[in-house]
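For reference, chains read A, B, C and D in written order, and residue numbers begin at 1 within each chain.
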Amino acid sequence: MKLKEYFASVKGEIQERHFWKSVRCEFLGTLLYVLFGCAATVTWDRDNVDPNRILRISSSFGLIEFVLVSALSHASSSQFNPAVTLSLLCTKYISLFRATCYVFVQLVAALLSSAVLYGLVPEYSRQNLAVNEVNPGVSHAQAFGIEFLGTFIFVFSYFSSLRRKNEKLEPKALPCGVSIAAAHLFAAEATVCGINPARSLAPAIFHNAWSNHWIFWIGPFLGGIVGAFTFEYTRDCSIELRDPQT
Amino acid sequence: MKLKEYFASVKGEIQERHFWKSVRCEFLGTLLYVLFGCAATVTWDRDNVDPNRILRISSSFGLIEFVLVSALSHASSSQFNPAVTLSLLCTKYISLFRATCYVFVQLVAALLSSAVLYGLVPEYSRQNLAVNEVNPGVSHAQAFGIEFLGTFIFVFSYFSSLRRKNEKLEPKALPCGVSIAAAHLFAAEATVCGINPARSLAPAIFHNAWSNHWIFWIGPFLGGIVGAFTFEYTRDCSIELRDPQT
Amino acid sequence: MKLKEYFASVKGEIQERHFWKSVRCEFLGTLLYVLFGCAATVTWDRDNVDPNRILRISSSFGLIEFVLVSALSHASSSQFNPAVTLSLLCTKYISLFRATCYVFVQLVAALLSSAVLYGLVPEYSRQNLAVNEVNPGVSHAQAFGIEFLGTFIFVFSYFSSLRRKNEKLEPKALPCGVSIAAAHLFAAEATVCGINPARSLAPAIFHNAWSNHWIFWIGPFLGGIVGAFTFEYTRDCSIELRDPQT
Amino acid sequence: MKLKEYFASVKGEIQERHFWKSVRCEFLGTLLYVLFGCAATVTWDRDNVDPNRILRISSSFGLIEFVLVSALSHASSSQFNPAVTLSLLCTKYISLFRATCYVFVQLVAALLSSAVLYGLVPEYSRQNLAVNEVNPGVSHAQAFGIEFLGTFIFVFSYFSSLRRKNEKLEPKALPCGVSIAAAHLFAAEATVCGINPARSLAPAIFHNAWSNHWIFWIGPFLGGIVGAFTFEYTRDCSIELRDPQT
């Protein structure tokens, strides 16, 4: 009868009004995160590469993450990232059904976002637009380690900022935005910094660029899960997130 | 008798002491926003373009927005932007009469600001000073889309940070400043980033530069309205901004 | 008998234990502000000028202002600037005697700070170290206007963030730091950005560089006073800073 | 019998569950601080030095400090730095035994961190990776002064943000991160900015680079102690950190 109970709990979740709002917010948030973040990788000047490229990528992703978390955290814990969703699933903060729905809309949103960005930039800068590529001087194992560590610090910081408010988990915007910026400063030279499989998948589909694509899924997933459990291990017992407190 | 009632409500608004303070603050805020923001587009070095141009524009607009919202939000909801005012009108937060007054003083303030900036810079950098121009590699439709999205993220963030305090709507300074910086990082290469019709109109009048000027009105207006309704749609019902709460 | 009363109030102020702490904090704060801020103008590389010079100057001054205000605001309202002290005197927040003491220690601290910085940098970069100079393309009137406006935005923001706490005026660190950074982004190209007569006087004495020095006194003083009264004019009546509230 | 009492107090500390958590957090925090900070000094491009090098180093160290303090301050006062630990020991906030344990794990963590970083970067950029070197134009005394002042401002700011919460000392994340960034902007050109003996020791061991290594121990230690006592001297009596307050 376990399956029956499972379906009952899924049914209960679907009927919640807040569930659908969360799904919509995940869609909107991932769309804007990927769009405004990836736009910083565009080469607008036909002749030169921007000397501030790394600073621009880091600030764009960091600032947009701050904006989105502060605007949408009341609705869906502002995940916008399959690696975060998987980490929340593994630490049992969200149900399998909810995680599946979130990851699905995140991927669709990222794909839509890549299409919009493709449409917005000049033709000469559409080549491999925002694709996560491994720097030629960097080996696969190194790229994996960098993606792992970048996601680790972000998910670690995300979990450290989670608070329970009105029966919902809400992250704080500042640690999220700052850790996204730090991770991009760390990883942007080596891999253009994925740390978000949805952000990495969309340009790969669009430009059919699949070399080393596994790095941008396994790295963030492992980094996220390890980051989440590391923080859970250091968390003060006095903060009990799982039980609602008003 | 509807017209009579309307005039009565307008009369009531005019007689409020706070109304005139709001109008003065909108004037002052728009003046300083346009002045300190546009100053970052000036070429001070006769021979070179600053390699950090995009970072400077983004930080200047973002920092001054933060300063002004944190200083003036107690008085006029710190709009400083006809697109924000129109969005607040469409979502019925402010009256038509108030919106008209605000837009009028915003345009006058921006014009004054352009004159001051023109006076402050060396002669060799006065050519098309701070004019919003579409990058030659970017089509009109793309420029429209970029202005639309830049205003969308700002107004979305502005609405998300609105709180009711002492019967007045007050935005929070940090999300406003950060979203302004993110929007400028996104749009500065393509259109020098308008996302504020007052900021775009003033240099256009001053330098008689009207090519594609419609983009800097229709883009922000549509982006602002869509951003405002998008946030209203995700807003938690529990936050009731329209009814005063002390 | 007015003079007698005046001396009695001065005597009362001197006997306050907190008065001497404030004076010491003004000394320490100005010393660190001028030292860490001006260090960003040093040319460390013998052959090249740093392409990020303006960004470095702006962030150095902004970050150190944030650090100092957040550390010392409990003691002396974190002025560190004769223009701020004069503005507080004109708006009657502090007494003439206190203002004189503050300005005196600010000037001494800035001078000491210049000496320390001179000792810390390589010989080839000691030429006109951190001196405020008017850009050759900029006229005297323009330089004056720029110093005026830079101080205006800082003092306006400083006043807007003042709160009364335990019978003392305390500014908030974030608006102060951000407005200092915005003012330096605005003015650094034209005048190396003074907006603080103590910061301008010390290198001038040290390097005997007095050309246009009046600009760095009259500009900040007028800008500060106008900024202070502008904010006082927009201040909500409900916030009563002058009367102590616990 | 004094020794006996001492061992009893050590035994008491060891048996505290929170003590071991603090030690683990110091290990984790120092590991991540050194890793993400030092990664900004890596030359990824074989041919060019990044023109934004100083800005990247400053933002990387500042952002990661903010992330780590906001995530871990509930556990171990987020020291991650032998100079901070020594300052807390001298001001009697922590016991000698605790300080020794912290410094030991900090050094081990930094060494591990250097090994990880060495593994993650391309071969051509492993030469003297992240080693603190004195700029050839700068004398030993100058380098000492710069390390002293950089640590002074950080420890001063760290102490100013300490609050007692649930019987534990917790620093605030924003002043810590901002002062780390300010110190790196100040010192990165002259000494690559150590201000943390653990961060300086690890690359020195790894690359056997010991020239002037004393500067990166004596400078931070003296700067930290002087910074700590300077703040203690200005601290308001009303804030009593030593006695627990709930």
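Here is the rule we go by: a contact is a pair of C-beta atoms (placed from the backbone, for glycine too) under 8 Å apart; a residue touches a chain by one contact, two chains touch by 3 or more.
Just so it is clear, the model here is predicted, and its values are computed rather than measured.
Asks: Return the chains shared as contacts by chain A and chain D, ordered by label.
Replies: For chain A paired with chain D, there are no chains in contact with each.
Asks: Compare the CA centroid of chain A with every other chain's and tell me the farthest one.
Replies: Computed centres place C farthest from chain A.
Asks: So the centre of each chain is just the mean of its C-alpha atoms; given that, what is the distance between chain B and chain D in Å?
Replies: Centre-to-centre distance between chain B and chain D: 42 Å.
Asks: Indicate the whole-number Å distance between the mean C-alpha point of chain A and the mean C-alpha point of chain B.
Replies: Inter-chain centre distance comes to 30 Å.
Asks: Could you tell me which residues belong to chain D and also touch two or more other chains?
Replies: 51-52, 55, in rising order.
Asks: If we count contacts the way the header does, which residues on chain B are in touch with chain A in the complex?
Replies: Result: residues 51-52, 54-55, 58, 135, 137-138, 142, 145-146, 149, 153, 156-157, 160-161, 174-175, 178-179, 181-182, 185-186, 189-190, 230-231, 234, 236, 238-239 of chain B touch chain A.
Asks: Sort out for me which residues of chain D touch chain A in the complex.
Replies: My answer: residues 21, 24-25, 28, 32, 35-36, 39-40, 42, 44-46, 50-52, 55-56, 59-60, 63-64, 66-67, 70-72, 74-75, 116, 119-125, 166, 173, 177.
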